[in-house]
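Consider the two complexes below, in which subunit A is the common component and subunit B and subunit C are the respective partners.
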Partner chain A sequence: MAQLGVASVSFKAENPPGDLAIWFFIFAELLVFGVFFIAYAVARSHDVALFDQSQLLLNRTAGGANTVVLITSSYFVVRAVAAIRRGDAQRCSGWLLGAIGLGAVFVVIKLAEFHAKFAAGITLSTNTFFMFYLSLTFFHFMHVVMGMVILTAVAFKARRGGYSAEDYTGVETGASYWHMVDLVWIILFPLVYVVH
Partner chain B sequence: MRKNAQTAHRLRSSAGIWLLLLALTGMTISIGETGLGGAWVIGLVMGIAALKGYLVSGFFMRLRRTRLLWRLLMLGWLIGVVGTVTTVCLTAVK
Partner chain C sequence: MQYKSQAVAKPYFIAAIGLFVGQILFGLIMGLQYVVGDFLFPEIPFNVARMVHTNLLIVWLLFGFMGAAYYIIPEESETELFSPKLALILFWIFLAAGVLTILGYLLVPYATLAAMTGNNILPTMGREFLEQPLITKLGIVVVALAFLFNLTMTMLKGRKTSISLVLMLGLWGLAVFFLFSFYDPANLVLDKFYWWWVVHMWVEGVWELILGALLSFVLIKVTGVDREVIEKWLYVIVAMSLITGIIGTGHHYYWIGTPAYWQWWGSIFSAMEPIPFFMMTVFAFNMVNRRRRDHPNKVATLWALGTGVMAFLGAGVWGFLHTLAPINYYTHGTQITAAHGHLAFYGAYVMVVLTMISYAMPLLRGRIANSNKSQVTEMWGFWLMTIAMVFITLFLTAAGILQVYLQRVSDTPLPFMVVQQKIALFYWLREAAGVIFFAGLVTYLASFFVKGETKAITA
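Let's turn to the complex of A and B:
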């Protein structure tokens, strides 16, 4: 029983997966997005009517579809980590390519949304809501692109046999970053597209 | 052997978490489609977001198996950000 207790304690006392440095980066990013979200909420509280009216011009279907896409891509990344833990580098690479493909779907949907807004004459200076909407979603969009670049590098390294069941820190590092991108969107979508 | 069993268990729970996340997303989208607003909608939608954030950080990012410090940092971010945003939005409800 005592042994079980020790095993349980040591199992709990793990560092997060991947390179420790990525976690400092992840929390720094989360802090920045957190400040952005709070600033959005405060600005909204000063002019609720403007925010609610402007929100009606957003494509909620596209936002919802992108949420499903990112959550599913995050799941694919979980499968990629599981594959490399078993030493199956080819399958790991395959799941990562699937996640990257879904990332590309997100990018296409988001670009279509941006295009529709610009075509309708909506810019950063249209009003406070669109200043926040465009800058927040574009900032997140850039993180999706960065995540896709990281996952692509990891997928190619996996395919070349650069990771194994004993050494897969790089896969977990890329995975952790991608989950962070998903996590931020999970808060951003309801806050900007749904709450009114 | 233990690692393989652990991986298989993680896969099963991850698939369940993925389906749960999709179901919660479906709820958020459905609430949005009703066009309803107000305090309870804000509370419900942001509560769902916090739960989804917990699931992603705990299960997909695997933070629930880490040292207390890491779990507290993530929970602090989730509760701090979602809690503040929700409170600010609720104070603006007429």
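Let's turn to the complex of A and C:
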């Protein structure tokens, strides 16, 4: 982490990092998920027993593993930004590819979970809890896929020398989006899988 | 006007305004029929008046969009239109088809019209807003495809800007989603489900892209603000429209036989639909405040600002009023919907087309802006129509609230027709506001004929 600290001294203070437009997206995405979480809480308060009972059917190990996977991927993305700030485009794209790989791990684990639920005959219409579980995790899943697409585009551009120590807004833009995807999961996992 | 071929926009704009007048006349007829049930019966029954009123709206807005696109795409692409001739041929085909269809509604009983036009081969008629005979629908597809071909070819040979890209995306989307009007399953739930793919995906989806592009184009022209700034706004607005609008379709699926999760999906996503409209308002005012030139066409700027505000109120706020499932449980299909429909269509789509006409028409007539006198007359038209529409909306909202209460909420609910009698006062008030609206429209028309000193176009 020493590298990070040293490097940050020489950065011009930018607030917020990345393209301003991505922050409008992030705000909008967080708003939609935020409203969804509030709706979940309200629906749960109307039928706590059903929610608690249904929640036990979720695979917490898979959810927990995916939490670790996403947090680790976010760390990789942080390293990628630090690398490009030093002008090290190769390392930047390497860290990004690592993050994308972890994104793929998340996708595989999540698909296995979905498969298990569908195989057990669970659908959006099973009950209110599973409506929320499937909707929330599916929308989040789509965001992971979207984030992987963005990171892939950034990684390729980095590899081609499209960013430098002076111009790395694109990397920060992609990184900001990925952290948002991670953040939503960090709220979603305890809320839907764990909290009783 | 920088390119000669932009002139093809002119007949489209004139036809749009002509059909607009027809739409308002039928609106007045129908508004009166709400309270004088047998007015003009049997010549023009209510269902026919309604069909003509709504169909004319759609057709004239399409004329407006097409005219706008023919004006914008050459200028943005910095090249002449691929084929001005094709554009003019399509104009006459579309106008003839539109007029014949309306005459068909008025002169032939609807069932006979259906039999005459091959509805038994592929049934598509008899559904709200999609009442057009099969041949008209096919005609719309042909005209739309040729129109898109013409513009896409123009764009391909010239400069590609964000505005033209978003505009073309909206117009292609418009054509693609219209194809669902040919799908008419016997299952009523499925029928309604896909019907919304035309209706909702148009007005709460791809049309918003067209709206954003038109507004951005006019704002660049009248404010002189950097294209980069305006384009960034446009992208964010478009993204927000699609994020909220696509799954927001669910707010139409609450009580029509679809699974219950649509109540959550529809409520949550459509609750966000006001956001892009609010951004449009902020965008319009922000750009005008940061303007770098004082464009002599003041009234076009007024229309652009008006679009931002009224679209937010009509589509955003009045839509939000009844978009949440627990509220919509009571308000579904009442005058609340009519109130929202009026202000949303006027504030978003009518006003943006009039913004475009207000900006482009003087240029098409060889001057940078109309005379001061003409502009002041047009501003009178703006205020009369806009204020009248606000009152139409308020009266219908009052009627709707009463209707919901008397018919659905009260401990002793009354039958539909009894309630209609009780809220008749508001229908009378709405009709009076409608007459004011018509006066505003006449004033607006008059502004085209007001002379006065004008500035010639200078480079």
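The rule is short, and it goes like this: the second predicted complex is superposed on the first by the 182 of 196 C-alpha atoms of A that agree within 3 Å, B and C clash if a C-alpha of one lies under 4 Å from a C-alpha of the other, contacts with A are read in each partner's own complex, and residues count from 1 in each chain.
The rule is simple: a contact is a pair of C-beta atoms (placed from the backbone, for glycine too) under 8 Å apart; a residue touches a chain by one contact, two chains touch by 3 or more.
What you see is a predicted model; the values in this text were computed from it and never measured.
Trainee: Looking at the combined model built on subunit A, do subunit B and subunit C fit side by side or clash?
Mentor: fit
Trainee: Contacts for A:S135 in the overlay, against subunit B (first) and subunit C (second): which applies, first, second, both or neither?
Mentor: The second partner, subunit C, only.
Trainee: Quick one: is A:A21 in contact with subunit B, with subunit C, with both, or with neither? Answer first, second, both or neither.
Mentor: second
Trainee: Per the contact definition in the header, classify A:S125: touching subunit B only (first), subunit C only (second), both, or neither.
Mentor: second
Trainee: Touch check for A:F106: first (subunit B), second (subunit C), both, or neither?
Mentor: neither
Trainee: First (subunit B), second (subunit C), both or neither: which does A:V32 touch?
Mentor: second
Trainee: Counting residues of subunit A touched by each partner, does subunit B or subunit C come out ahead?
Mentor: B
Trainee: Tell me the contact category for A:V68 with respect to subunit B and subunit C: first, second, both or neither.
Mentor: Once the two structures are laid over each other on A, A:V68 reaches subunit B alone.
Trainee: With both complexes overlaid on chain A, what's the closest CA-to-CA approach of subunit B to subunit C, in Å?
Mentor: 15
Trainee: Shared contact residues on subunit A for subunit B and subunit C?
Mentor: 31
Trainee: Could you pull out which subunit A residues touch subunit B in their complex?
Mentor: Listed in rising order, the residues are 11-17, 23, 27, 30-31, 33-34, 37-38, 40-42, 44-45, 48, 52, 60, 64, 67-68, 71-72, 74-75, 77-79, 82, 85-86, 165, 176, 179-180, 182-183, 186-187, 189-191, 193-196.
Trainee: List the residues on subunit A that touch subunit C in their complex, please.
Mentor: So the residues of subunit A touching subunit C come out as 20-21, 24-25, 28-29, 31-32, 35-36, 39, 124-125, 131-132, 135.
Trainee: Using the touch definition from the top, list the residues of subunit B that touch subunit A in their complex.
Mentor: Residues 3-4, 7, 10-11, 14-15, 17-18, 21-22, 25, 28-29, 31-33, 37, 41-42, 45-46, 48-49, 52-53, 56-57, 60-63, 65-67, 70, 73, 77, 80-82, 84-85, 88-89, 91-92, 94.
Trainee: In the complex of these two chains, what residues of subunit C are touching subunit A?
Mentor: Per the touch definition, subunit C meets subunit A at residues 232, 235-236, 239-240, 243-244, 259-261, 264-265, 267-269, 271-272, 275.
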